[in-house]
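Okay, handing you the structure first.
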Amino acid sequence: MKITKKRLAHIVFESDDWASKTFDIVLLFLIFGSILVSILDSVASLRSTYGTLFIVLEWLFTALFTVEYVLRVWLSRKPSGYIFSFYGIVDLLAILPSYLSFFVVNSQLLAVVRALRLLRVIRILKLGRYISEAEYLQRSLRASTHKIMIFIGFVVTIVLIMGTLMFIIEGPEHGFTSIPVGMYWAIVTLTTVGFGDITPATPLGQFVSSIIMLMGYAIIAVPTGIVSSEMASQRKKDEAAHLISCSNCGKENVNPSDNFCGNCGVKLR
Amino acid sequence: MKITKKRLAHIVFESDDWASKTFDIVLLFLIFGSILVSILDSVASLRSTYGTLFIVLEWLFTALFTVEYVLRVWLSRKPSGYIFSFYGIVDLLAILPSYLSFFVVNSQLLAVVRALRLLRVIRILKLGRYISEAEYLQRSLRASTHKIMIFIGFVVTIVLIMGTLMFIIEGPEHGFTSIPVGMYWAIVTLTTVGFGDITPATPLGQFVSSIIMLMGYAIIAVPTGIVSSEMASQRKKDEAAHLISCSNCGKENVNPSDNFCGNCGVKLR
Amino acid sequence: MKITKKRLAHIVFESDDWASKTFDIVLLFLIFGSILVSILDSVASLRSTYGTLFIVLEWLFTALFTVEYVLRVWLSRKPSGYIFSFYGIVDLLAILPSYLSFFVVNSQLLAVVRALRLLRVIRILKLGRYISEAEYLQRSLRASTHKIMIFIGFVVTIVLIMGTLMFIIEGPEHGFTSIPVGMYWAIVTLTTVGFGDITPATPLGQFVSSIIMLMGYAIIAVPTGIVSSEMASQRKKDEAAHLISCSNCGKENVNPSDNFCGNCGVKLR
Amino acid sequence: MKITKKRLAHIVFESDDWASKTFDIVLLFLIFGSILVSILDSVASLRSTYGTLFIVLEWLFTALFTVEYVLRVWLSRKPSGYIFSFYGIVDLLAILPSYLSFFVVNSQLLAVVRALRLLRVIRILKLGRYISEAEYLQRSLRASTHKIMIFIGFVVTIVLIMGTLMFIIEGPEHGFTSIPVGMYWAIVTLTTVGFGDITPATPLGQFVSSIIMLMGYAIIAVPTGIVSSEMASQRKKDEAAHLISCSNCGKENVNPSDNFCGNCGVKLR
């Protein structure tokens, strides 16, 4: 069987038959494999033992991802559309750092670029049966964006005021060396993370901290309330969208899984 | 009164009369007792004083649980069904470690197996009046599974990217010795646990941490929103399932605890 | 004006006229005052300076609360009913420690008894306009009790298993000195408190901790879901209870603040 | 074009044409700029390098905000109304500290007054398209105020009792130096912040802490529940307020964005 360009495009872009599903699964394994190698390579003891193996595997993954990238550009109906799309950039960034390593000597900068390869994991979310739920989540979050922006603005205002207050009260001698550090502490405290790397030592500082923490208590309820009520609303819309009307008597909100209209008894399907 | 096999099966598997309830309660006390002994045995000071007592009690519990296990296998209509069921395996694991201690010298491995006895506590949930509520919780969680899986995938992606970022920014000199350690730190931070065993020390690291924490703030709202809206939906279904229709006038949503239809006054039961 | 016993009982037990309101407000100030003195007395530097003043005030408060207690016993229609009620016991415990201090030499034990005086603050919740909201909260929490008990049982099971696991994995050399300490750590972690006094040091321990923390993430959603859906349900019942039906046309769900029925125009009041 | 007083008042107080929008945007930049300078000025290393620049900029901002303040007082229809309003006081406090620095030598006190300038950021919330959402949030929070007050009273009671208990159990030797410190610790723990600066060291203290943390688990659900159910209720009211009835057939809950009644087909507008 000769593989045409159209057939190849089908394998790469769709996932509804044997060949295209295999392509997706192999790609998935490559993505997970390359991430795993990146992670293991960062562990000093493993690097010293398996360093060469990791380098070889790194180049193997880069080669395969390069092939994938070239295929996607070549097979796209509109290559420029793909290249400048989100995933097009992600795919490019996944192979670029390895090639850059020929030119870049600064290993720190290299690591930054390499880290971007991890963005490929987002692709996983594109696959499989979970799509409708992902969209459900996405829609809820998008509908809440305005409210969450307001909320973040509100939190930043509190963080600014509280960070400044604590900088004034506690001062550099207790670790609050500047307003930015005070703001970092205020975020750590308001979000209830509480690392404990910087803590109030004066009675007044502890009192103000207590106020901040009790505020955090009430504040943490707000995004939850926003997302919850948004999700409940989305769910209601979804359920409403699934209901139909009886074409005979006009009764609304008929469950589409019913066979007969509950009002007039006419056969629905 | 001679106890037949059928009567014995009733005592072991049901809990609706005096004998079967007593069996359940005695078993409950044995489970709690054996857990308590395991816990106390782990405290070094208590072990050195009461060590021999604990060993004796341990064997007593093992003997009684062995009797229970043999009874359950013997009395089951389909023994293999019980043996390979979840609780069958739990029951076996509850007695196996003691017998294994004859053969196993490695006390660490022994402790692992012994810990599995604790799974017996799940049995408590099977008893008593709380069953309907437990099912309610279970149903809500099962219905949310898809959404929570998506969400965990989303969190893991963030953890991967943030852990790598912080490993690059802070580096081994501030405790971020590898990407896995960075990911551990990202989980500690995103979940707002914040142990403080590893904390960012550079201004850039503190800035990125602040972003992560504010994200955690918004993210923590998502599972709550999912579970809340799922529970509200389950509750509505439950309430709807309990409502009946009047057979005389056709009024819907009649509360089944009413004796007369509120609309036409016809006796409902 | 001679004050009769009946009048005095009205002043003590009711709060609907000038005298009885004054009594409540004075009592409130005494309660807050005595709590404040207890708190300030615990600060070493203040105690050394104002110690004598605190002792004098302590005895003054004790004398006044004794008068209040005797009055309440004397004025109750059924004194034994008051004495053995929750508030009767609280009132007794509020004065007992001071008298006990004549006999008890152990200051630690004394402090424990003295702490119970603080329970008087609960009385504040009985007063004022917030009663209906307090009942609303109480009803929501009471209705959720079953579900929250199940949930606590579920959490304790996880804490038991995880505490044991971490005790096995990390062991006494990393601070996990016994299963109870492991369980304490598991609670600190699951509830996202994260003191950081005990933290996992081995890679496996950090991995298991990450799992626990992600579980805590999902688990924290459950009580919120329970309480939220319960509150939404209570609110709906409250709103439904406030709606009336039109006595003319039978239209249901008429807002009682309306003057006319929105359907037939009949005057409602 | 001569600028009349009326025109100037329009520019300062409204934001519906080119000039008034420009005024708002310039003011916004000035506010952000002055905050940024305050923050950067607090970083010791930047202060030593750019200290003089910061002082010059500080005086520039003060001068411009003074012009703004004088304009607002002069242009207000009722100047005293503006001066004693919330924003009037905020505007005054934004310029006062700089002038006070001539007289005040104590730099700590000065810093406190200077910090109040940050309150200007609240003004941002007044601007832009987010107003309706901000009002939505505000309304939900205001409607929940009573319930949240009750809740805070409840939390303070627990904090008082638990702080005292831990002071008694752990004592000064483990960091619980007084009841106020114990209460600070109880707040840190109940809100799940968990700095770890003070931690229980005795087994009994760890047990009581575990109880507090599990309570915190349940308690954190309450404000979320309050805000969530309040938001859901507000949303429902908002949606209901937007629905209209058909004037021809009487069909209720017609979406006002429709042009024709979905029931009878009559033109709605």
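Chains: A, B, C and D, in written order; residue numbering restarts at 1 for each.
By definition in this document, a contact is a pair of C-beta atoms (placed from the backbone, for glycine too) under 8 Å apart; a residue touches a chain by one contact, two chains touch by 3 or more.
A quick map from chain label to UniProt name: A, B, C, D = Cation transporter, VIC family.
This structure is a prediction, so every number in the text was calculated from the model and none was measured.
With respect to chain C, maximal separation of chain centres occurs for A (centres as means of Cα atoms). Judged by shared residue numbers over all numbers used at their interface, chain B and chain C contact each other through mostly different positions, with under half in common.
Of the two chain pairs examined here, A-D and A-C, it is A-D that is joined by more C-beta pairs in contact.
Separation between the centroids of chain A and chain C, computed from CA atoms only, is 40 Å. Put simply, the C-alpha centre of chain A and that of chain D have 29 angstrom between them.
Residue positions 180, 183, 192-196, 220, 224, 226, 228, 232 of chain C are each in touch with at least two other chains. With chains as nodes and touching pairs as edges, the resulting graph is complete, every pair of chains being joined. Residue ranges of chain C in contact with chain D, taken from their complex: 35, 38-39, 42-44, 108, 111-112, 115, 118-119, 121-122, 124-125, 130, 133-134, 136-137, 140-141, 148, 152, 155, 180-181, 183-184, 187-188, 191-197, 220, 223-224, 226-228, 230-232, 235. Within the complex, the chain B residues that touch chain A are 146-147, 149-151, 153-154, 156-157, 160-161, 164-165, 167-168, 172, 177-180, 182-183, 189, 192-196, 199, 203, 206-207, 209-210, 213-214, 216-218, 220-222, 224-226, 228-229, 232-233. Interface residues of chain B facing chain D in the complex, by the touch rule stated above, are 192-196, 224, 228.
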